[in-house]
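Chain lettering (A, B, C, D, E and F) follows the sequence in which the chains are written, and residue indices restart at 1 in each chain.
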Amino acid sequence: MEISDKTRAQVLIDALPYIQEYNNKVVVIKYGGNAMQSEELKQAVMSDIVLLSLIGIKVVLVHGGGPEISGMLDKVGIESKFIGGLRYTDKDTAEIVQMVLAGKVNKSLVALLQKHGGKAVGLCGIDAKMLTAKKVVSEVDLGYVGEVSEIDPSIIIDTLNNGYIPVVATVATDEDGNVYNINADTAAASIAAALKAENLILMTDVKGLLKDKDDESSLIPIVNVSEVAILKKKGIIKGGMIPKTECCVEAVRRGVGRSFIIDGRIAHSILIEMFSNEGIGTMFK
Amino acid sequence: MEISDKTRAQVLIDALPYIQEYNNKVVVIKYGGNAMQSEELKQAVMSDIVLLSLIGIKVVLVHGGGPEISGMLDKVGIESKFIGGLRYTDKDTAEIVQMVLAGKVNKSLVALLQKHGGKAVGLCGIDAKMLTAKKVVSEVDLGYVGEVSEIDPSIIIDTLNNGYIPVVATVATDEDGNVYNINADTAAASIAAALKAENLILMTDVKGLLKDKDDESSLIPIVNVSEVAILKKKGIIKGGMIPKTECCVEAVRRGVGRSFIIDGRIAHSILIEMFSNEGIGTMFK
Amino acid sequence: MEISDKTRAQVLIDALPYIQEYNNKVVVIKYGGNAMQSEELKQAVMSDIVLLSLIGIKVVLVHGGGPEISGMLDKVGIESKFIGGLRYTDKDTAEIVQMVLAGKVNKSLVALLQKHGGKAVGLCGIDAKMLTAKKVVSEVDLGYVGEVSEIDPSIIIDTLNNGYIPVVATVATDEDGNVYNINADTAAASIAAALKAENLILMTDVKGLLKDKDDESSLIPIVNVSEVAILKKKGIIKGGMIPKTECCVEAVRRGVGRSFIIDGRIAHSILIEMFSNEGIGTMFK
Amino acid sequence: MEISDKTRAQVLIDALPYIQEYNNKVVVIKYGGNAMQSEELKQAVMSDIVLLSLIGIKVVLVHGGGPEISGMLDKVGIESKFIGGLRYTDKDTAEIVQMVLAGKVNKSLVALLQKHGGKAVGLCGIDAKMLTAKKVVSEVDLGYVGEVSEIDPSIIIDTLNNGYIPVVATVATDEDGNVYNINADTAAASIAAALKAENLILMTDVKGLLKDKDDESSLIPIVNVSEVAILKKKGIIKGGMIPKTECCVEAVRRGVGRSFIIDGRIAHSILIEMFSNEGIGTMFK
Amino acid sequence: MEISDKTRAQVLIDALPYIQEYNNKVVVIKYGGNAMQSEELKQAVMSDIVLLSLIGIKVVLVHGGGPEISGMLDKVGIESKFIGGLRYTDKDTAEIVQMVLAGKVNKSLVALLQKHGGKAVGLCGIDAKMLTAKKVVSEVDLGYVGEVSEIDPSIIIDTLNNGYIPVVATVATDEDGNVYNINADTAAASIAAALKAENLILMTDVKGLLKDKDDESSLIPIVNVSEVAILKKKGIIKGGMIPKTECCVEAVRRGVGRSFIIDGRIAHSILIEMFSNEGIGTMFK
Amino acid sequence: MEISDKTRAQVLIDALPYIQEYNNKVVVIKYGGNAMQSEELKQAVMSDIVLLSLIGIKVVLVHGGGPEISGMLDKVGIESKFIGGLRYTDKDTAEIVQMVLAGKVNKSLVALLQKHGGKAVGLCGIDAKMLTAKKVVSEVDLGYVGEVSEIDPSIIIDTLNNGYIPVVATVATDEDGNVYNINADTAAASIAAALKAENLILMTDVKGLLKDKDDESSLIPIVNVSEVAILKKKGIIKGGMIPKTECCVEAVRRGVGRSFIIDGRIAHSILIEMFSNEGIGTMFK
C-alpha cells in the first residue's frame, strides 16, 4: 500500500500521546514463539525495539529459544525428553542450553538489533550475578530446570544507563555454580518487577486471553488481576495460559505498571499494542 | 481517512532512520506566515514540535508576528508605515512590537506547546543578553529596525539542557538599552549558526524555490549553496526569496548542516520534510 | 557626601554577618509601587538586586505593573473598571495585561538588571507551567482575575541554578488556556513558599505596619504571626494592609523564614532592611 | 609450606611499588593454552585476575577456546579441518565457534571469576559493535576466519567504569552480519592498543622467547621491539612464536606500554610477572 | 629470608579475601607508642598505611606525640607535671603541644607517608572546625586538657574523597578559642564513630588484652563489648588498659564495625592484624 | 563615627563593580609584618579575608612568621644569626621554624578566620607535596634556607573547591626530606603564578613604592613591569623593596593579573585596595 506523506505525518502525530506516556519508562519484552522463528516477524520485532529505544523508552529484551535448543540437541544426538511439557535437563543438556541461548540466540539478536540501528549488549543471568538460580522442586525430577532465587538488576540498569539495549538469555547458575535453564516468561516477570518496569510484554502465539478459546473474536482486552481467580475457576484461563497469566499477575502485584499477553504472529504487534488505544492483546492491570 | 493499525506501525517503522539521524541534534525552526494565522495549521505545527522534542530532537522555535503587531498598532492608533517592504519603527512602535512579540505571541505559543504536552519557556533576545542589536543601516532611515550584532546562545543551551523547548521572540536591545525589532528569519539563522544546528527550517507561504514562480510543480528540491549566485543571476531567486535564500546560505556557510524553505500552508510540513525522503520544500546544503 | 575609604571598608566589614546569614539562601522580592515608578528608585532597586545576587543570594524578582497596564488600556481605549479596588478584567483587558506585564514591564526589568551588571531571564506564570490560575470567586464577577491554583517552581530553580536572576510576571493560564491576571503580592507569597525561601520582601508605598497610621514614627518593627489576629481586631491592621499582611503571614506559615513589608519609597530599602540590625519596615516571623 | 605472618606482611610490603605502578592502569590479558585446560591453573588465573582488579588495576580478559571448539565439533560430527595450522571454518563451524566461545567458555569464565569474588560481564565482539570483522585473505581460503577491521572499545570502557571485569570472546560479525572467528592473540593486541593499555599479557605454553628453543634456561627476559627483525633473521623467533611476537610488537607500536609472553603452565605466572623485578617471561617494550 | 616468587604469589592470593572485605571501607588508626619512636617500626607503619590506601582502603591516621612534647618542653625549660598519669597543661604548655603535634609530628608524618609513595594532608582538630574541645572535668584541675565536645568530620571526608590520606593531630580549640590537648585514643574513637568506620585500630606497646598480664601467651583474641564489664570486675581489664578498652567499646557502641588493640612493637602489626585470620591483638566487636 | 543606613547602602552599591570584577577569581595574599603583630590589625585582616571569601572570591592566605620564630628560638636558647638580612638556618632552627610556622602561626590563623565566620584549612608546603624545596645557593651558606623548585597546587585547588580558605605556611622539604624555610613573599608569588591568580597582594610595613622614600605622599600608584628596570637604575626601587618588587614582577610575568604592594599598617588595607578606584598601595601590571 502506498502511504501518503500526509498520512505519515498524521500517524506520527497520533503517536504523540503514547510517546509522552512511555518517555523514559522501562519496558520488559519477553520475546519468543513464532515471532522468533519467522524471518519476517523477527525483522519486525527488531525494528519495533530499536524504535522504542530511540524515542526514549528503556527496553529490556528477554528471550528463550526452545526450537534452537532442540535443533542443537538433535545435532549432538541428545534426545529431548519432556515431562509434563517441561524439558528434562541433564548436565549435558544444560550445557547445550547455555551455549545455544547465551552464545547463539542471544548474540544473534544483538547483531540483528544493531543491523536495525540499535546498540545492544548480550547478557545472561550469570553476568554480574544478575540471576541466581535454584532447582525447581516438582513431583518428577526435571534435572537442571531452575527458577530465580535472587535477582540483582544492577548490570541491566548500568547497560540501560550507558545507552545500550540489554538482551537477556535466561540461563543462570546456583550457589554451587551449576548451570540452570530458567523459564524465560518467569525470568522476564522477575526482571520487570526488580526494575519496577512500566510494562511487561509477553509475546505468544495466541491472540490473547479468549473467552472462547476457539473464537479469536472473543478476546478479553483488559483483565484486572483481582478477577484472575474467577477466570481460572470458570475455565477461561486454562492450559498453557495458566503460567503466562501467573507471570502477568505476579509482575503487576510486585509493582509493574501493566502486563500484556500479545500475539507475536502479527507483525509489529508490540508497536500496535503500545501505540494504539485498543491494543490487540490482553492487558493485566 | 481511517488508518489501520498495520499502517500506523509501518509508518512508525519507516520513521526509524530519520529518528536515528536527528537523535539529539538541534533544529531551529522559524515560525511565521500562514502557519501562524490559521488555527488549524497552528495546532499542526505545535504538535509537530512537541513530537520532535519527545523523540530526542532539540527544537528551538523562533517567531515573528507581523499581523499581531499591525493589529495592536491599529488599536492604539499608530499607523503602520512601510518603507520598501520594511516597517518604519519609531520608539512607540518599538515598544508595541516588544509587547506584542515578547508578551503576547511568545507566551501564547508557550501555552499552546504545553497544551500539546510539551514544556516550553518563552524568551526574547533581551533575556540573558542572548541577542544584542544594532541599527540596520539603509538608505532610508527605518528607525528601530535592528540586526544581530552579537549573540550569546547560553540561555538557549541551558533551556534545552533543562529539558524545555525554548521559544524566542526576536526583539533585542542595543548597548544603550534601546529596543529593536529584528527580522525573525535572520535572527533564526544567527541562532542556528551559533548553536551549530543540524537544520534551519524557515516556514514560508510559498512552496519553496520554484524554477518558474507561477508553476508550483517546478520546485527545486535541493540547492547547493555554491549555485545560489547563478540562480540569482538567472532571476530564479528574486524578490522576497532573496533574503530568505540568503538566510539559508549564510546559516550553512556558518556551520549549520542544512537549511530549508518549506511551505507552512501544508499541515505538518515540518514532519513531512524531516521524515520523508523527498521532502516538500527546498533544501540548501 | 564624601565617604572615606576607611568608612567604606568599615561598612563592608559590618555587612559581613548579614552576608554570612543569607549566603546561598533564596529571597523573593515583590517589586511594585513608587519604587517602580520613580526612575531613581528603580535604579536603586536594580543595583540592590544585582548586589544581592553577586554576594551569593538567590534573588527572585516578582512584579506587577498596574500603572503601565492602565496606560496601555488608555491607549487602546479600554476604560479601566474597578470593583472594590480590583480591576475588572474582561478578555481584551486580560490580553493587554499579558502583553504589558510579560512583554513590556518584565523584559524591561531584565534589560535594566543587565545594565547594572546582572544576568536575568524574564519569565511569566505560563513558562514551563510555573503557575496555574483559577478564577477568583467573589460576590461580584471580576472576569479574568485569578489566583494560583497550582505551582511548579522547577523553572525558577533551574534559572537560579543556571546562574540567572529570574524575573517573574504574574500572568498565568487556567487548565483551559484562559489568561488570568494574578495579584503579584499573593503570587510572590506562593512562590516564596514553594521555594521555602529565607525571606519574602513586599515593597510598598508605606513605612510598614504603623500603630497609628498617621504617625510614621509608630512603626511596629516585628510582628509574630500569632499576634496578627489581635492586631486586626484592634484595627491596627486594616484596609490595604490586610491583604499584604495576609501574604506575609501565609508565607511564614508555609515555611518561609521571615516576611517583610518595607518602604519602597526609600532608596536601597532592601539593602537597608537586609543588612542592618533594626531594618526599616515590619518583619513577620 | 607454612608461611609466617611476618613473611606475609613483608610480601605485601614488597608488592607496594608494583601496586603503585599499576594503580588505575589497564591490563589486557589473553588467556589460553594449558592455563585454561588444567583445573588448578584455571583457579590460579582467576584469583590472580580478581586480585589485580581489587587493587585498582583495570583488567580485561580476552580468551579463545580451541579445545572446547574441537570437542563440540566432534559432538556434532563436524570434522576439524586445519590448513597451515589454522582451522578451516565453514558456516556451520562458525556457528559452533560462536556458541562455544560466547556461550560456554565466556560465561563459564564469568561464573568462575565471580566464584573467586570478582564481578564480571561476558562480552563478545558483537556486543555494542565492539569488533567488526573482515575475512582473512590468504592463499588458501579459510572460510569464516576473520581479523579485526574496526574496533570500538566503548563497551569495554563502560564495563570497566561500572566496576566489572570485562571478559571478551573474540567472535565478531562483518558488515553483512556473517560471523567470524578471530584469533584471540591478535584481538587482544587490538583491544590493548585501542585502550592504550599499560600491559598486554599473552599466556602461552612456553617459557617465553628462548635463545635456544630446547633450553628453557636460555630465556630472553627483555626484547626491544627494534631488535625483533634481527631476532627473526637469526631464527630465534620462528614458528608459532612469530605471530605471538608480532602481536606484542604491534601492540607496543600502537601505544601499549609493554607486552609480555608468559608461561601459563606456571601457577600465578601473571602475579609473578607483574609483581617481581625479574618477571618470568619475555617482555617487549 | 629469601622469599620465592611462588610464595610471593601465594601470599598475595591469600590476601584476596581481606582486600575484598575492606574494599572502600574507612579504617581509623591511632598511631603512637614504640611504633612511633623506633625508626624501623615507623617505616613499617608508614608502608603499611600506604599499602592499605593503595588497595582501596580509606585510612585516617590519628596521632599523639608525648615524647616529642616532653622533649620540646625540656628545651624551653617547662617542667612536665603529671597528675594521675595525665600531663598538667598550662597555657604555655598548650602552645608547645600545638606546635609540636600540629607543626612537627603531624607534618613529619605527612612527609614520611609521601616518601613511601602516599599522598597525605596534615590536619589538626582546628582545621575546618573538625574538633571542638571542652575542658576535661576532674577532681584535680588539669589545665588545658580537653575532650571532644563536638565533631564535624567533613574535612576528613573531603580529604579522603580528594584521594589523600588525612593525618590528624588531636589539638583543638574550645568555643572561646583556647587551645586544648585532646587524648589521641579518645579522639580517634570519636572520629571513627563519626565516620562510621569499619575498624578502629589502637597501636599500643602491649600485646593486647591478656588474661594474665605477665603471660603474653594468655592473649584474649576476641572480646564482645557486652563482656567488658565482667572482665573489668575480674580485674583482667585494669590500669592503662581501662581507657584503651573504653575507647574500643565506645567506638563499637557508636557504630564502628570492630575495634582493635594491637601490638605496635611488632613490625607490620597492622597488616598482620588485618590480613590474617587470627590477628595478633585483641578485637572488640 | 556613626554611619547612617543610607551611607551603608551607598557603600555596598559602590562596591558592586568590584564584586563583579573579582567574582570567582583567585586572590593570593601574603600576610606578614605589622598587620600580623598588632592585635587590631590582625582582626581587620581576618574579617577582610572572610568577607572576600563570602562574596565569591577564592582567597589563598600565605604567611611567614619571623617574630614568632625569633621568640621560640629565644625560648629554646638558639641564637638567631642573620647573614645579609637572612636568618642562618641550621637543622635545629629549621625544626623550630617548621613547628612555629606550620604548628602555631598557621593553625592560629585558621582558628582566627573561623572566629570571624570563615572555614579554613591550615596547610604547609609539605602537604600533598604542594611545594618542593631546594637549597638557596648564595655566596655565604645559609643552611636550610630554601626556594621553590617544584609546585603542585592541587591541594590548594581542592581546598578552595571544597569551600575552605587555604592558609599556607611556607615550609617544605627537598627530595631527601630535609625541611627548609622558604621566603613567604616568593612562595606566595609562585603559588599565585601556579594558580593563574587574578591578584597577588603583598602586605608590607611601607606605604608602597615611593618616589622619595622619605615622603609618603610620593607614592607611585601604578607600575608597569616593563618600567621596573629603569626604576631600579634610578634607585627608586632599592633595598628591601627589590625582592618585593621582583616577586610582583615575576608573578605578573608568569600570568598573574596584577600584583600589589600594600600597607599592612592601615586597617582593612586589602578591602580599600580592592574596592576603591585609586587603591592605597602600588600596583604592578
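Criterion: a contact is a pair of C-beta atoms (placed from the backbone, for glycine too) under 8 Å apart; a residue touches a chain by one contact, two chains touch by 3 or more.
The model shown is predicted, which means the values in this text are computed figures rather than measured ones.
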Touching chain C and also chain E, the following chains: F
Intersection of contact partners for chain D and chain E: none
Matching chain pair for D-E (criterion: over half of the contact pairs shared, by residue number), options B-C, E-F or A-B: A-B
Longest centre-to-centre distance from chain D, chain (CA-based): C
Interface residue identity across copies chain A, chain B - same or different by half: same
Length of the line joining the C-alpha centres of chain B and chain F, rounded to whole Å: 56
Inter-chain centre distance, chain A versus chain D - centres from mean C-alpha coordinates, in Å: 36
Of all residues in chain E, the ones touching two or more other chains: none
Chain contact topology (line, ring, star, complete or other): ring
Order of the ring members, counted from chain B so that chain C is second: B, C, F, E, D, A
Residues of chain D that touch chain E when the two form their complex: 1, 3, 5-17, 19-20, 23, 44, 47-48, 50-51, 54-56, 116-117, 267-268, 271-272, 275-276, 280
Residues of chain B that touch chain C when the two form their complex: 72, 75-77, 95, 98-104, 106-107, 110-112, 114-115, 119-124, 126-129, 155, 158, 162, 164, 171, 173, 177, 179
